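Letters A, B, C and D mark the chains in the order given here, with residues in each chain numbered from 1 onward.
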Amino acid sequence: MAMRVARELQDGFYVNLGIGIPTLVANFVPDGMEVMLQSENGLLGMGEFPTDETIDADMINAGKQTVTAVKGASIFSSAESFAMIRGGHVDLTVLGAFEVDVQGNIASWMIPNKLIKGMGGAMDLVAGADNIIVTMTHASKNGDSKLLDTCSLPLTGKGCIKKVLTDLAWLEIQDGAFVLKERAPGVSVEEIKEKTQGKLIVPDHVPEMQFN
Amino acid sequence: MAGFDKVVGSYEEAMAGIEDGMTIIAGGFGLCGIPENLIAEIKKRQTKELTIVSNNCGVDGFGLGVLLEDMQVKKMVSSYVGENALFEKQLLNGELEVELTPQGTLAEKMRAGGAGIPAFYTATGVGTPIAEGKEVREFNGREYLLEESIRGDFAIVKGWKADRYGNVIYRHTAQNFNPLAATAGKITVVEVEELVEVGELDPAHIHTPGIYVDRLIVGTFEKRIEKRTVTESA
Amino acid sequence: MAMRVARELQDGFYVNLGIGIPTLVANFVPDGMEVMLQSENGLLGMGEFPTDETIDADMINAGKQTVTAVKGASIFSSAESFAMIRGGHVDLTVLGAFEVDVQGNIASWMIPNKLIKGMGGAMDLVAGADNIIVTMTHASKNGDSKLLDTCSLPLTGKGCIKKVLTDLAWLEIQDGAFVLKERAPGVSVEEIKEKTQGKLIVPDHVPEMQFN
Amino acid sequence: MAGFDKVVGSYEEAMAGIEDGMTIIAGGFGLCGIPENLIAEIKKRQTKELTIVSNNCGVDGFGLGVLLEDMQVKKMVSSYVGENALFEKQLLNGELEVELTPQGTLAEKMRAGGAGIPAFYTATGVGTPIAEGKEVREFNGREYLLEESIRGDFAIVKGWKADRYGNVIYRHTAQNFNPLAATAGKITVVEVEELVEVGELDPAHIHTPGIYVDRLIVGTFEKRIEKRTVTESA
């Protein structure tokens, strides 16, 4: 999945990667292309994890992991960081979700009757970005679809998602439907249909994903 | 220049005047850049019924987490909480109230509080549970929420270096919410690692100008790491 | 007048001085007392004018005059500067006016049918400060009072002025009236009464101004 | 790192895409920290019907004043104008429109525009002519005006030093409106005195992070002084 997301990168993109799968995207940036990672606690130009020698408690990312800064990085307050995010200056945001629906709604932070830990920066990220990729499994462990007609969980953002990448498919949300753009290698259109609860448009030809 | 000398002699003096029921704005993100010793002083004082505005609530036994041990906190205003068991227990028991606020909105609420802006509009949270009871208004065809600013009776801040006038700089990502908190306290208390001579900090690179700072103290810090992540040494 | 304003200073005050008479206050700061001057273009800790050797086009005050910075100064953006002002962090603001009235209204920026140059930072200064001293002549050259029942000119701020210093008197605005607190040296209560159009309260004893 | 190299080869390239009728946000206060050469390029191009958002409008023959000479400006959004005769003439003739905006509100409108905040409340201007047509609302017993944010088709900015990624620092009070303007342009163009190596600027002391900057050019500057005030040399 991270490899597929990497194909959406463009040279010179400022990118915010959520915690989990999105973080892995950094490992698949194509050769000759550079992206700069924004971390919403206040770092533009996040680098690799430090070594035991260079680790520094004052240098962390939004997931609270110890990190480094690349050459040319800048560090600023949380207000400045979210000015960048809210103001639409980040070129691409990649984050996980529990559910998305055909209206582009996303639910990613709260499961009623389970302990609520908070939304962190996710609501700001989905409200601020024009270009968001949601990465998640297509269905739950029980086989329940996460691509729905209407999100059942409380929302993180309304009408803000246009691109969804799952373990099965690459889909785009257009005019109240999921449009199936690509299949994951070896996955059939039938399986995707079966596991998509929301309205799905299947073009005549659905290519397999290509990776760089 | 006695009038501008913000340095106080003890942590007791630094937090003098804090009272039950007050609102405290705290800098820090996770355990990074938190005012460790000012928090410890609040614990020592056993001030109760506090409303604490901070992005997170520390962990069991460290950071703001220590204020939970003796039930000093009435309410947390945060974007992400529950990294500690005691917090969860008190929340589930109804002994602790939480007002979840999106991280960017929280940062902006502090900045606005310090900047004399009582409220602002943001697209963050429209159509979500946090929009409940808030005005929604359209600008240029898009919906936005009205969010009100936050001020605190005290702001507690962790800086890196400061001069006696209260000019402060922060180190790396320990900056985070600290300069915002610093603007939003009726009384702003800053603890730093190092006191430098007045004039040593470049005027163009001061993160928090002394006008925001009421009290300043030099401390020593544990700087606990919450999620230690390393690559192999080369 | 600048000497009288200086008596209102306290050690450790952050002060914004308007253009003209207010600027002179800096020359009368009492010995052993320090104040820090804020200039709304983005300087806290304004110093003296430079010499021919140290003059620098990049270092000016809100009146566009070349200045210097004192040790311990800070320099920041206009947004940060007005965050300080609007947020009430400045301890004292001294500025001029065309008129003030018994409701604490101030008119200082616009004379209808004359060319309007703009309010600059004056509206922010009067709205943001709790502690403002207006300095002006008591009456115009024609003898028209500038201390009015109701300002006749378009306002700079509403209900924000409590202290007025003129060439004749020190007055405070309380409960819809000017309260005469001090007379300038050699000025009679009669003259002040005559030149004050708005409601004036004259206590039994009105001392002459004392200067440090 | 071609993708992050913001340096362009000429002023022509720096202002490519500017069109009649656009809104341009300009940094600078008086003649201090103004993008002299970007303004000169706009004059050279004879782009017309411009709305210019800038605290001031330069002087006769220098700064934004030069754009008045050939009637390129339709409207100025400023806090203080009229330091030049041509400006007054065009204003009185009705050839030029002015929207006077309090200085702090103007700064905040730019910042809000860049920060995705469509509007905010401020006490500045309540009860004055600038409140006309604006919503007045009470928070905590005080009245505030609703002010909408500003964005520009272009922002033109004068920095001191920058690296190729567009990380910029400003010199002394030439900072003023520049970092705010830089956030609020659909296309932000920065001219600086000196290009430094990437990594040379301290990440914690960058005033304008490169994410806001689209084009960067190194220029030479006259830096005219508007009000020369000196004391006697010692």
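In the analysis below, a residue touches a chain if its C-beta (ideal position, glycine included) is under 8 Å from a C-beta of that chain, and two chains touch if they have at least 3 such contacts.
On a predicted model such as this, the values are computed, not experimentally measured, just so you know.
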Set of chains whose contacts include both subunit D and subunit A: B
Geometric centre distance via CA averages, subunit D-subunit B, whole Å: 33
For subunit A paired with subunit C, centre-to-centre distance based on mean C-alpha positions, whole Å: 54
Centre-of-Cα separation between subunit B and subunit A, whole angstrom: 28
Multi-chain contact sites of subunit C, meaning residues that touch two or more partners: 69, 75-76, 82, 85-86, 128
Residues of subunit B whose C-beta touches two or more other chains: 108, 111, 115-117, 122-123, 171-172, 175, 203-204, 207
In contact (per the touch rule at the top): chain pairs: A-B, A-D, B-C, B-D, C-D
Subunit B-touching residues of subunit D, taken from the complex the two chains share: 108, 112, 115-123, 139-140, 142, 144, 148, 169-172, 175, 202-205, 207
For the subunit D and subunit C complex, residues of the former touching the latter: 29-33, 55, 78-83, 88, 91-92, 98, 100, 102-108, 110-111, 122-130, 160, 171-180, 207, 223-234
Complex contact set, residues of subunit D against subunit A: 1-4, 111, 113-117, 163, 165, 167, 183, 198-199, 203-204, 206, 209-212
Subunit B contact footprint on subunit A (complex, rising order): 39-43, 48-53, 55-61, 63-67, 69, 75-79, 81-82, 85-86, 105, 110, 115-124, 127-128, 154-159
Sites on subunit A touched by subunit D in the complex: 10-14, 33-36, 38, 44-45, 69, 71-76, 80, 82-90, 128
